[in-house]
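As written, the chains take the letters A, B, C and D, and residue 1 is the first residue of each chain.
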């Protein structure tokens, strides 16, 4: 193996990350009772996005691994979002 | 990491294996991505029905499953840390917990689905067909999306069992743990998907 | 291009000619260049190649020029198309119904016809209505084509014909077995002539002379409504059961999932036409044939029955 | 292990591994044998689909029922399309020549995951078998066209599900190949081969592999949803249950447009290999070609809507898609100019691969220009779903991918089989084939402009003339194809033996390996110092 020493995350850091995720879940559930109307979806998606980011960066190790993975992941997400966006060129104006 | 019987060169490339796993994860992301696209389109076209549909689902069960998956994600990650440090016992325990949670998740799903199906709320079911188009779509998507997600959980369980065996047999250890790492990545993906499924189906009104 | 007979023709032809012009220019230009190279630099004549340096300027040039040209193509295409998307507020409104494998046209005053009759120089707005699967309403001479999508709101197209005459209407979206026979015609008439046809009360309710042969009438209906696309008259099976030699027989059908025997009589024919999925003839599928309620009257069914009887001989 | 050490100096065709005979092939993880397995499989199914094409053309030689009825015709173009697209041209060049030559060209011993590679072939074969069962089971062969548009695909009684499942499985195989190639290119390039020293064929494979990875799951889930809708009655696309059939088309083309670039990019790569070699010149604008490949891959992702201009989409979507479609034409234009510039002042060697490459450029231009005509809104409305489209895609798929496939086959033939093909037969085959090709497909442009819709088994008498010409062209072309195939098959067994490592004078790495290559390609992995194509 030519790669440098792998980064080892401590148990504690995992627990912290998990706690953050659970708190965000709690917020997300709580927010729905607030009757935000149309903002509802936006907030829920933002929170989910934040959670997904946390999972990607810490659990999936993007922070410590080869930067290539981060670039690819961002690129893939961008492609997906663009596809979604372009599709809505149709549905928003039908 | 596995060498080829026909080939003289022994070539192990953990980084390559991980890259392969990431690429596979990308295909999965787009696969689910397209389901999200379908969902987005139909939600946009049937806002009321989707809202009402969402209210039919059990937020408590959904939240429980979310938390369960998050915990299991953390335990796989910890199991990787453990193996990296050479703590075989810890790794096995964490992995065991993950496995257990995965099974519990499926059991919850079983009860959740079961209750709906009993009322005839399944694709092609009488009770569902009597409702409006938007509701049919909502539940169609609900079954398809959580169903495909559950399929991934099943595959994950299979992988966990395999990896568990391998750790026990010392095939996976502190200098060769790419199988565990890739399984972990896969499991995080399953979690990632659920992070979006949960608010989309259970929360937003 | 083919003859044109609507106000869209010019825009479409312009775009077409522009694109073709540019394309032929490059196609011929590049092909000739290649041929010159083949002759000049073939290894016999030119045994030693000369290496040339990449020229960034040249590469930028041949990126920019095509870019400008394709933007031109885009522009012409856009300009030629924009009027198609903008139907005027006023105009003759016709609903085109498509089902496997025939068109029928319903006018606002209730008149129904299997050919599209329209006045010259008048905007005609066609509401497109697909009853089963996708079809596509295509009139080459008018340069219009629009898919007919079941359940799609605001599914319509429009045109203004500029020449009298008869032109083809094709179904351009694949829709199953007889897709290639889903053809009709549009007849463009002088406005006076058209309005006469339109308002002619006699023509509205098709007049049935007392002495008309019901068998002949029945045959006409069956052909006009497109039943023969699925039901043969000669005993072969197409999509549905044949019409030949069936009337009066006792046949096996499936009703609510149960097999039972029924007599193929007038009542059965009526039910088959108005509610085809009630009895499913064994060996065939539900959902293929759609109800003709509202399209075929009780009286017409009587004629159809007479016609069916005549097929027994 | 010992036996394979011994076999190190035997060619990959001869060595004896763990298994003998045919098992030594279908269980071999050697990338070269897998490449050939794909080649043979494709040859078989290509012939089947080509015969279907010929039969359709015979049916169309005159109006009315000539040799078949509508049911047969519909089943035929469906099967023809499914085989040609999903079984031949999508896997096509990557699976055959990518497998065989990617490791050779970047100086590797094999692909990154040899077992996965073999598994891909097996999955491919299983996919084919599933597709084939649709022909023989139950309610008749599928009759939807290769596009499986909703809601017809739910209503037809025909046997759609196996075709869908089969195509899904084929997609899986395609994804795995894509993953394999990306990892191979990232991890296994020979020392010294920087990214910008990589030959162009691997570059196009790289771009293609990314499309395979990112687009194929889209068709996978679409087909799966359709299967569920047909078997379980889940409402997704069926308007009767509230679904939107146009959404099906979106999903289908989100994959299938990028898929057309999966088909053409490796073809472009092959042409970029052949032209420099037979011009004895450095490729003109290497970086521009690399960049344009990546640009095609990226922009190609967002133009799918040009297949749906008349589908009932919103006007703004039409506007956006037409605009993007024109953008994606630019990288192709750049490549054409670069190819022509490569020949400038070269020393052109007239050999069969070169003929194929040059005729590729010609037919590709015609195909591409007809694509522009279709990309423009006003003209598309008239030409959509007519024979103009049929002509466009045969020109560019068959003329593009097909010609480059044949170019590649002739170019690499000696390396693959260690034998030479008979050049005069090959050239004659090319000439007849090329003439037949033009006679077959050019009249279709005319038919489309006159308004003859596609997927018509019968047509009005006014379309007769051009159809006769087209049908005769098909017969001529099949004649040419027979000459080509017979020549190649014969030569692969009885052709003149050659051990010449580099018969054409190529500069890329595969020409430094033995002919035919040994099991592990190299005794010592070569070191790369120069850019590819450095002719002096």
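Here is the rule we go by: a residue touches a chain if its C-beta (ideal position, glycine included) is under 8 Å from a C-beta of that chain, and two chains touch if they have at least 3 such contacts.
Every value quoted in this text rests on a predicted model; they were computed, and no experiment measured them.
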**Study point:** Comparison of A-B and C-D by number of C-beta pairs in contact, larger one
**Key:** C-D
Practice item. Compute the distance, rounded to whole Å, between the mean C-alpha positions of subunit A and subunit B. Key: 15
Practice item. With chain centres taken as the means of their Cα atoms, state the distance from subunit C to subunit D in Å. Key: 33
Exercise for review: Compute the distance, rounded to whole Å, between the mean C-alpha positions of subunit A and subunit D.
Suggested key: 37
Check your understanding: Do you know which subunit C residues sit against two or more other chains?
Key -> none
Exercise for review: Give me the residues of subunit D that touch two or more other chains.
Suggested key: 186, 214, 242, 244, 246, 254, 315
Check your understanding: Among the residues of subunit B, which ones contact at least 2 other chains?
Key -> 15, 19, 26, 30, 37, 41, 45
Practice item. Answer with line, ring, star, complete or other to describe the graph linking chains that touch. Key: other
Exercise for review: Just spell out which pairs of chains touch, all of them.
Suggested key: A-B, A-D, B-D, C-D
Check your understanding: Along subunit D, where are the residues that touch subunit B in the complex?
Key -> 1, 4-5, 8, 17-18, 28-30, 109-110, 112-115, 175, 178-180, 182-183, 186-188, 213-218, 220-222, 224-225, 228, 232-236, 241-244, 247, 251, 254, 519-520
**Study point:** Touching residues on subunit A, where the partner in the complex is subunit D
**Key:** 68, 76, 79, 82-83, 86-87, 89-94
Exercise for review: Name, in rising order, each residue of subunit D that touches subunit C in their complex.
Suggested key: 70-71, 74, 143-145, 149, 151-152, 155-157, 239-240, 242, 244-246, 279-282, 284-288, 310-312, 315, 318-319, 322-323, 326-327, 329-330, 333-334, 336-338, 340-341, 343-350, 358, 361-362, 365-366, 369, 372-373, 375-382, 384-386, 449-451, 453-460, 535-536
Study note, to complete from the structure: Counting only contacts in the complex, subunit B reaches subunit A at residues 12, 14-15, 18-19, 22, 26, 29-30, 33, 36-37, 40-41, 44-45, 59, 63, 66-67, 70-71, 73-74, 76-78, 81, 84-85, 184-185, 188, 191-192, 195-196, 198-200, 203-205
Review point. Quick one: in the complex, what on subunit D touches subunit A?
Key: 186, 214, 246, 250, 254, 298, 301-302, 305, 313-317, 320-321
